[in-house]
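Alright, structures below, take your time with them.
What follows is a pair of complexes built around chain A, which joins chain B in one and chain C in the other.
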Partner chain A sequence: MSIKVERPGLLTSLQDLGRYGFQKYGVIVSGAMDAVSLRIANLLVGNQEGEAALEITLVGPSLTVKEDLFIAITGGDLSPQIDGEPVPLWRPVYVRKGSILSFGACRTGSRAYVAVSGGFAVEEVMNSKSTYLRGGIGGFKGRALKAGDIIQCNKMPKKSEDLFIKLKNKGGFHPFAAADWYVNPASVVNIKNKTEIRVIRGGEFDHFTPASQKQFFEQEFKITPNSDRMGYRIEGRALKAEESFELISEAVSHGTIQVPKDGNPIILLADRQTTGGYPKIAQVITADLPLIAQLKPGEKTRFKEITLEEAEQLYLEQEQKMQQLKMGLQLKKHKE
Partner chain B sequence: MLTLNQMKDLIKTVDQSSVDRFKFEAEGMKVLVEKIAASGQSSERIQVGETPENQESISAAAAVQKEKVDKEASSSTDKEQHRVLAPMVGTYYSRSNPDAEPFVQVGTKVEENQVLCVLEAMKLFNEIHSEVSGEIVEILAEDGQLIEYGQPIFVIKNVD
Partner chain C sequence: MLQPISGGRAKSQMKPLGDSAILVQFGAEINEDVHLRVKAFTDYLETHPFAGFLDCIPAFTSVTVFYNPLVVRRQGDSGSFSGKERSPYKIVHSILEEMVTGLEETNTDKWRVVEIPVCYGGEFGPDLEAVARHNHLLPSEVITIHSEADYLVYMIGFAPGFPYLGGMSEKIATPRHTSPRLSIPAGSVGIACSQTGVYPISTPGGWQIIGRTPADLFLPDENPPSLLQSGDVIRFKPIPPEEYKIYKVRIYEHKS
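Our next item is the complex of A and B:
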């Protein structure tokens, strides 16, 4: 089974949940920007939740499906279509051999994930299939997809076969068929408040002037076009530190918000460097990282402070919902 | 929510009346009091159903209610009207998201296989399709209500 890339889109790369354990050698984590969407896409097609899938950014690719395929598309709504017909998101979908999966306007969010049942047949590099774009390792030949690429897919797991066959029969000669059930991402991620990102204070919060501290939680910040998988540069009224000071570089994490000298913060994301020396004003809570990943340049966001305990609680709740979803899917598969 | 005393009063009143079956629904609460004349002697059964927000139920009564629901379902072979029964336990939603238009309303003409509502269970949203074409004459569920297996959700009138 394979997929041929007709048009690559703006930035389409293979990502899993990241390459952990090598940051001490300077190897960045990478992985999906919106890990929740990636995990759900995988679960819908019967994969392990951390399997690598295609991460599609703002302008989607055009892909020819060489053999019958079982897929799920999650994340932002980039108007996916198969042979010109809209495909619903967040559902298992059977795609008929020879059909073309393409994307249109970016309606909500900015990143979509396409998982195939069985996963993509690429080698793991340092325990991960994620593409480290700047380092040129992992994923498909260490790079984003290009026109003409042919990516092989693995055989689908046994447990997915029943649903696949059921959908295939439903599809008939149609280019695709989607299940009549779906996952609502709002039941896992706080999409209702997607422009209010919750944070906890960072290590150097107290180094900022009281006015800047206040301003950080009150003003809106705009995502600048100078934002990518490494980090989002956001701008508002510039934030000032009490006195100019230099830090010795130290570890940073997914969602760390640094403030360089110009006073405009940077939110560090999937392809972040391993260490940073700018003062850290805040840290985005893990449960809200998927929301950041779906913001696009030009959109605005605010930050809301919560405590570490609340952040942990929200994370645990989110994971509990994921567990519930996993169990629900298992029961579903048994019933089909 | 009724207090215990109110409930006792209710049972007494029904018992002393000529009413055989009394059903009351308000604010997500359902009360059904029914006289069952088994072997000549009359006895009452009371059932309370609740929405998930303040869940509390009498489990024995729930089982009885389910049996009844199934019976109702099998007896609804009326040609004019078709009842759409829940194929699973789940939370009822009339629309795909809070800002969307409801899938159907009373008066909506539906086709066979059209999506009528979604039932959520274990974070999965299951579309409920119409088995017949016709017109929706009654919607028996409210948004957020927990629906039992076999519970009627819609009444569809055959228009042709």
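Our next item is the complex of A and C:
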């Protein structure tokens, strides 16, 4: 089974949940920007939730499906279509051999995920299939997809076969058939409040001027075009740390908001460096990282302060909902 | 140059880095004593990982420990940890505090010395002359000063395998270029103010490039994927351009 890339889109790469254990050698984590969408896509097609899937950015690719496939598309709505017909998100989809999966206008969010049942047949590098673009390793040949690439897929797991066959029969001569049920992402991620990202104070919060501390939570920030998988540069009224303050380089993480000398914050994301030397004003809570991943340049956001204990609670609740979702999907498979 | 850890340590401090990482601070300034504590703690943590431990990043004065809060919390619920603590951060905090306290007896009297061949000047080191001029030296003197020192690898960061080194002589310190070059080849050896370093992969950068090593610093197919590790001592060995292709990295253990 394989997929041929006709057009690669803006930035399409294979990502899983990231490459851990090698940060002390300067090897960045990488991985999906929106890990929740990736996990759900995998669960929908019967994969392990951390399997690698295609991460698609703003302008999607055009892909020819070489063999019958079982897929799920999640994340932002980039108007996916198969042979020109709109495909619904957040559900299992049978795709007929020879069909073309393409994307159109970016309706909501900015990143979509395409998981195939069985996963993509690429080697793990340092325990992960994530593409580390700058390091040139992992994923498909260590790079983003290009026109002409042919990516092999693994055989689908046994447990997915029943649903696949059911959908295939339903599809008949149609290019695809989607299940008539779906997963509501709002049950896992706080999508309603996507313009109010929750944060806890950063390690150097106290080293910002009182005016900047206040301003950080009061003003709106705009996502600038200078934003990518490494980080989002955001703009508002400039923030100031104390003149004399110097930070010795230390670790940063997914969601760290650091403020360089020009006063415009940077939210560090999946392809961040392992360490940084700018003062950290805040840290996006893990449960809201999927919301950040779906913001696009030009959009605005605010930050709301919560406590570490609240952030931990929200994380645990989100994981509980993922657990329920997983069990619910297993039951569905048995019923279908 | 390296001393074993001695008593009288300052108390370490911890603070959260978000809801799934914790930073353990071992001192307020960069020095070898703090570095040795960072290293001893990292070694201990990696050989005695707690349930939910994901990764760690040792830096100049701190070690940041990444964990999975869900796994930590489950362990807490199952009573594997003492007390009735519910907050994953607090559970990890108490585990790490115990580890730090237990570190007293750790003794580091062994380290690796890595000899890195460098072809100085010419096409490999386009800024060698500029560094010499800036410091009122001859290019050959810059090479001598740069290659006769021992450098301590304080940490790896910025790029895969990139060493933050301590120990460069102020006599060859030179500011960065005002505007960075778009691409510096992998292996380039550079100076930025009083720091020196080697670029493991090709990246844009503003460092003064004085030479290049044929050695690969980033080894994605090996474990560890980095030629250098925190705690190594490195020496630069000048080689002529003819030897660039037939170089050899030499690594040996040093025991005090």
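Simple rule for what comes next: the second predicted complex is superposed on the first by the 335 of 336 C-alpha atoms of A that agree within 3 Å, B and C clash if a C-alpha of one lies under 4 Å from a C-alpha of the other, contacts with A are read in each partner's own complex, and residues count from 1 in each chain.
Following the convention adopted for this analysis, a contact is a pair of C-beta atoms (placed from the backbone, for glycine too) under 8 Å apart; a residue touches a chain by one contact, two chains touch by 3 or more.
Quick caveat, the model's predicted, so the values are computed rather than measured.
In this overlay on chain A, chain B fits alongside chain C without clashing.
Once the two complexes are overlaid on the shared chain, A:Lys321 sits against chain B while remaining clear of chain C.
Taking Cα centres throughout, chain A sits at the apex of an angle toward chain B and chain C that amounts to 140 degrees, reported as a multiple of 10. By the touch criterion defined above, A:Gln283 lies against chain C but remains apart from chain B after alignment on the C-alpha atoms of chain A.
Contact with chain C, but none with chain B, is seen for A:Thr275 once the two complexes are overlaid on the shared chain.
Number of chain A residues touched is higher for C, counting chain B against chain C.
By the touch criterion defined above, A:Arg134 reaches chain C but does not reach chain B. Minimum Cα-Cα distance between chain B and chain C in the superposed model: 20 Å. Across the superposed pair, chain B and chain C touch chain A at no common residue.
Across the interface of their complex, chain A is touched by residues 15-21, 23, 29-30, 42, 54-62, 64, 66, 69-70, 73, 87-89, 155-162, 164, 200-201, 203, 218, 220-221, 223-226, 229-230 of chain C.
By the touch rule above, chain A contacts chain B in their complex via residues 180-184, 186-188, 321, 324-325, 327-329, 331-332.
Those residues of chain A lying in contact with chain C across their complex are 20-29, 125-126, 134-137, 200, 203, 248-256, 273-275, 280, 283-286, 308-309, 311-312, 315-316, 319.
Those residues of chain B that touch chain A in the complex are listed here as 97, 115, 120-127, 129.
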